[in-house]
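Shared chain: chain A. Partners: chain B in the first complex, chain C in the second.
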Partner chain A sequence: MTNRPRYAPLSPFAQARAHLLLCDGAAIPDDAFAPGHGLTDFPERWTVAGHALVMPQPFGAPSEQRFRSASHLLALLRHRLAAETMGLRIYAVGSEPFVWDVAKIAREAGMGREEMRLFACGAPERRVACVHCRTVNPGVTTTLVTCAGCGAVLTVRDHFSRVHNTWMGVQCDAEAPGEVPPVEDLCA
Partner chain B sequence: MMDNHTLTLVVADAALIAPGLRRVHLRAADGARLPPAAPGAHITLSLPGADGARPLRNSYTLVSADPEHGYELIVRRADRSRGGSRHIHEALAPGDVIDATVPHNLFALHSQAKKHLLIGGGIGITPLLAFVARLRETGAPFELHQIASADEIGVFAALLAPRAGEQVHIHGGRTSLDLPALLAAQPLGTHVYTCGPAGLMDHVEAAAAGLGWPSSHVHREDFGAAGGEPFVLRLAASDIEIAVAGDQTMLEAIEAAGIDTPSLCRGGACGVCILPVRQGEPEHRDHFLSEAERAQGCHVMPCVSRSRSALLVLDI
Partner chain C sequence: MATRFKPDETFRDDFRYGNSETAILRFPFPFGEDAYMYGVNMEPHTRPGSAGVFAVGFDVDEHYVAECAERAKVLALEPGRCLVLPHMREAEWDTLELIMESLAADYPDQFTLERDGLDWTWTNRPLGIHHTFRFGDATTLPHPPFEYIVRQAQGDFTLQDQRDGTLYIDGGVATVPADWSLAFDVGMTFHEWHGPVPLAHQAGVFDRALQYLMRVRYGHPARRLNWTMTINPRLDTSPENYPLWGPDRASLTAETIGDRLFLRVELQSFFRLPRSNALLFGIRTYLASLNELTRVPKWGRRLHRVMRDLHPDIAEYKGLTRYRELLVAYLAQFDDGAPTAPGITPDCAALSD
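And then the complex of A and B:
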């Protein structure tokens, strides 16, 4: 049984006071938007440029804000949401760990699922939590990973925690010691 | 889902607290502990009908509920009382025994809310009084805006006096509260709860929707739908015809005819009383059926809805 999140292509909510789109990279695939929709539907965008040369932008209402890193963007998002009023909708597009980081911050600010839309895209990349030692291993792209905390070789189970934004990692030969399955790339 | 848990209550105290408002304290007739109730819960009382008619069932919000000390209600004398509120005002006396349902809660504080915005109109203050008591206890952020007609400001100020504070505001008349501005200023994670005349609650809902509030953050309490035109109800399966009077609900008419049919909130919110329609055009007044379901016209909530056609045929 998998509880893999499914993502619907983005379109703006019909009734909202304001919309904010958060992206973890400049390249957003076309299929991230529902037919008939695109970037122009989201005049206010925050994007991770991932670059030390990102310059502070003049204050005002720029349609696009660029950030040095995802952490930078998420920290300012937390700040922004604390000052926001009801009627805002947020949209996140990017890697799965990124969009669920956005969801977590929004949830902590009091927003519900009916006020946000997420679309994960790009090559599969997961944060894997070791069930044995609780270490979170970021950036996992294969079906097996050696836990950075306890050294166990973990199988990435198809089980996602929406609260912790992690997939479950269980020692791969726990049932039959020594039987290590082949390593494969994670598939979307 | 018929609820069979009834309580036998005794009137411990009944006092007029303002013209047309009576506060009633109820305890278990056998002195036992009463079931606890969350703020916003209501009970349905069986009250004698006017002129020896069948008993009426009216739902009242609990202003406070304590298993030891009993339940407290505040009842407004309705202008067009079918007998329920008139009985409470004219006849009810300490020592009277009343049957009631156990408390039900269809109007509850949302535990995930960052802030609670309470908007009451007139006697719609009753569940909000229970909310304020709880919110003060838990220390959760809230604001209460009570709208009262100019001549009743004093009544509500007195009711709210024990709970006064900077979060509590009383407005004389609906025009003195700028609802859109109030709603527009609320932080993310706010839930709004409104109880009062349908017009006020519709206004709150529409203003919130217009500002982009998701409907999951807007809560309303519907009690005591007013009457309308009389019509005739035919129950196809039981082969009987019932006249529904203008000041009577369809549900009451069915019950008065001796037919037992499930109900819970009696305010068009819970969906328990749903009945299939075979013929005729229902006038939907509930908040349970979706637009699509209404358009199909296959079901009706008899606790609040009526009929547009002179005859409504139900499949029961």
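And then the complex of A and C:
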């Protein structure tokens, strides 16, 4: 047992006025959805195109809206939720940092944990916060990372903050400098 | 007998710290038997007839003045060690009231609280504080109400909001943490912030502890003991500063371990707050060196047996692995194999030399 988030495959909430599915543009595996469910259960879908030739409608009717980047999508999600009323449920599927960014924006807009469902997929990737110098190191795919802020080689504790969307990084050789364990890929 | 404070004690740099014989005999030794495993070891706090550190809500001992100075030092260097989310304002005032009322009732020679409606006057003689303020009006205090009062109390405190069938850690002060970060953990649920603890989850300890805590009623606080070990009498063993204190763990020798290795006991207390319905956790830390503790023969014997037989996952989580062999070898001299009586009391009137 650790403080590592676990995810259940997505299915729409039974009681809701509207459903909004947010994707980061990566391929969505079949196991992201509960048996009998799929993309078509979520009539309003936002996804990331990865280029600047799109102009999405944040208040569009049920349809697929394509955003220029994850940052673009998240900024307009904040805008959309600020104008929302009760009864909307949101769903996020994509990398772990992405789905928890969505959760954070939803929480800041006043939504509770029981009003959203998240499913992280794809190759493991973490944001690691250096507990010593507060620098957040994005895109970490290994068990050790050299902190961009203070240079410490951080080991990543099995301790995830849903509020900060970061894993806790702690200097791995603080007790005996140079005693660094082997680096492993998070996929392993 | 009035407590004689030791204002010159330090918990960093030159580490000037020690326990009087009285302090050793009232030390909350955490092992009631010769073996240790995680459990839901919760019981009512401040029961009539309780003695020593268990007799009052917030124990004030000979280290009070020095520990308050240490807290002020940490907060001056790292103000983020005290952090309360905005929806916990009412719980801040609840905390201030609870601690002031308790200290004034339990130590009338040292602390006085006079109330005239919402106009309160607080006198803290050990720290030389005398303030008149308006209860509920934060502009009348030099710090926010939670920070104001925890600067005048020993040990760390956290504020838990109870909602969604769990407890959220939504505020606190952690200048005396046993390797946990308030800034990182803030906003987590009870199970999330305890995630890294080994073995206890599988045993259902946290499920049962949470159920117990959510039922704690106003006026009926609860408590438990927890423990770890610290090299030197260092209160600030925060993960933030681990690069500064981590090397200590590799520095012990057979000659120094008796004086430099400290059993670190947390007297954790749990209080329901009246207006906010939040739960206040007190995490009061007591430090005693091996050489101090082994002056109680029962504790010396027991400490050897507990450390020798400790589950390796617990030893690793508590950071003992690097020096555990040295520790057990050192403690062996205090274990003659005689049976020990159940319970944590020292069972001796005076200390051995």
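As a convention for this text, the second predicted complex is superposed on the first by the 176 of 188 C-alpha atoms of A that agree within 3 Å, B and C clash if a C-alpha of one lies under 4 Å from a C-alpha of the other, contacts with A are read in each partner's own complex, and residues count from 1 in each chain.
Please note the rule applied: contacts are C-beta pairs under 8 Å (C-beta built on N, C-alpha and C of every residue); 3 or more make two chains touch, one makes a residue touch a chain.
Since this is a predicted model, take the numbers as computed values, not measurements.
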item: Side-by-side fit of chain B and chain C on chain A, or clash; value: fit
item: Which of chain B and chain C A:51 touches, first, second, both or neither; value: neither
item: Partner chain(s) touched by A:175 [first = chain B, second = chain C, both, neither]; value: second
item: Chain A as apex of chain B and chain C, Cα-centre angle in degrees (nearest 10); value: 60
item: Partner chain in contact with A:115 - chain B first, chain C second, else both or neither; value: first
item: Greater residue coverage of chain A in the superposed arrangement, chain B or chain C; value: C
item: Touched partner set for A:79, first chain B, second chain C, both or neither; value: neither
item: Touching partner for A:164 - first (chain B), second (chain C), both, neither; value: second
item: Superposition-derived minimum Cα distance between chain C and chain B (Å); value: 5
item: Intersection of the chain A residues that touch chain B with those that touch chain C; value: 112, 114
item: Residues of chain B touching chain A in the complex; value: 112-115, 183-190, 208-214, 216-217
item: Touch list for chain A against partner chain C, complex; value: 1-4, 112-114, 129, 131-132, 152, 157-164, 166, 168, 170-171, 174-177
item: Residue numbers on chain A that touch chain B, as the complex places them; value: 13, 15-18, 81-82, 84-89, 109-112, 114-115
item: Parts of chain C lying in touch with chain A, wherever the complex brings them together; value: 164, 181, 184-188, 191-196, 198, 201-202, 239-243, 246-247, 249-250, 322
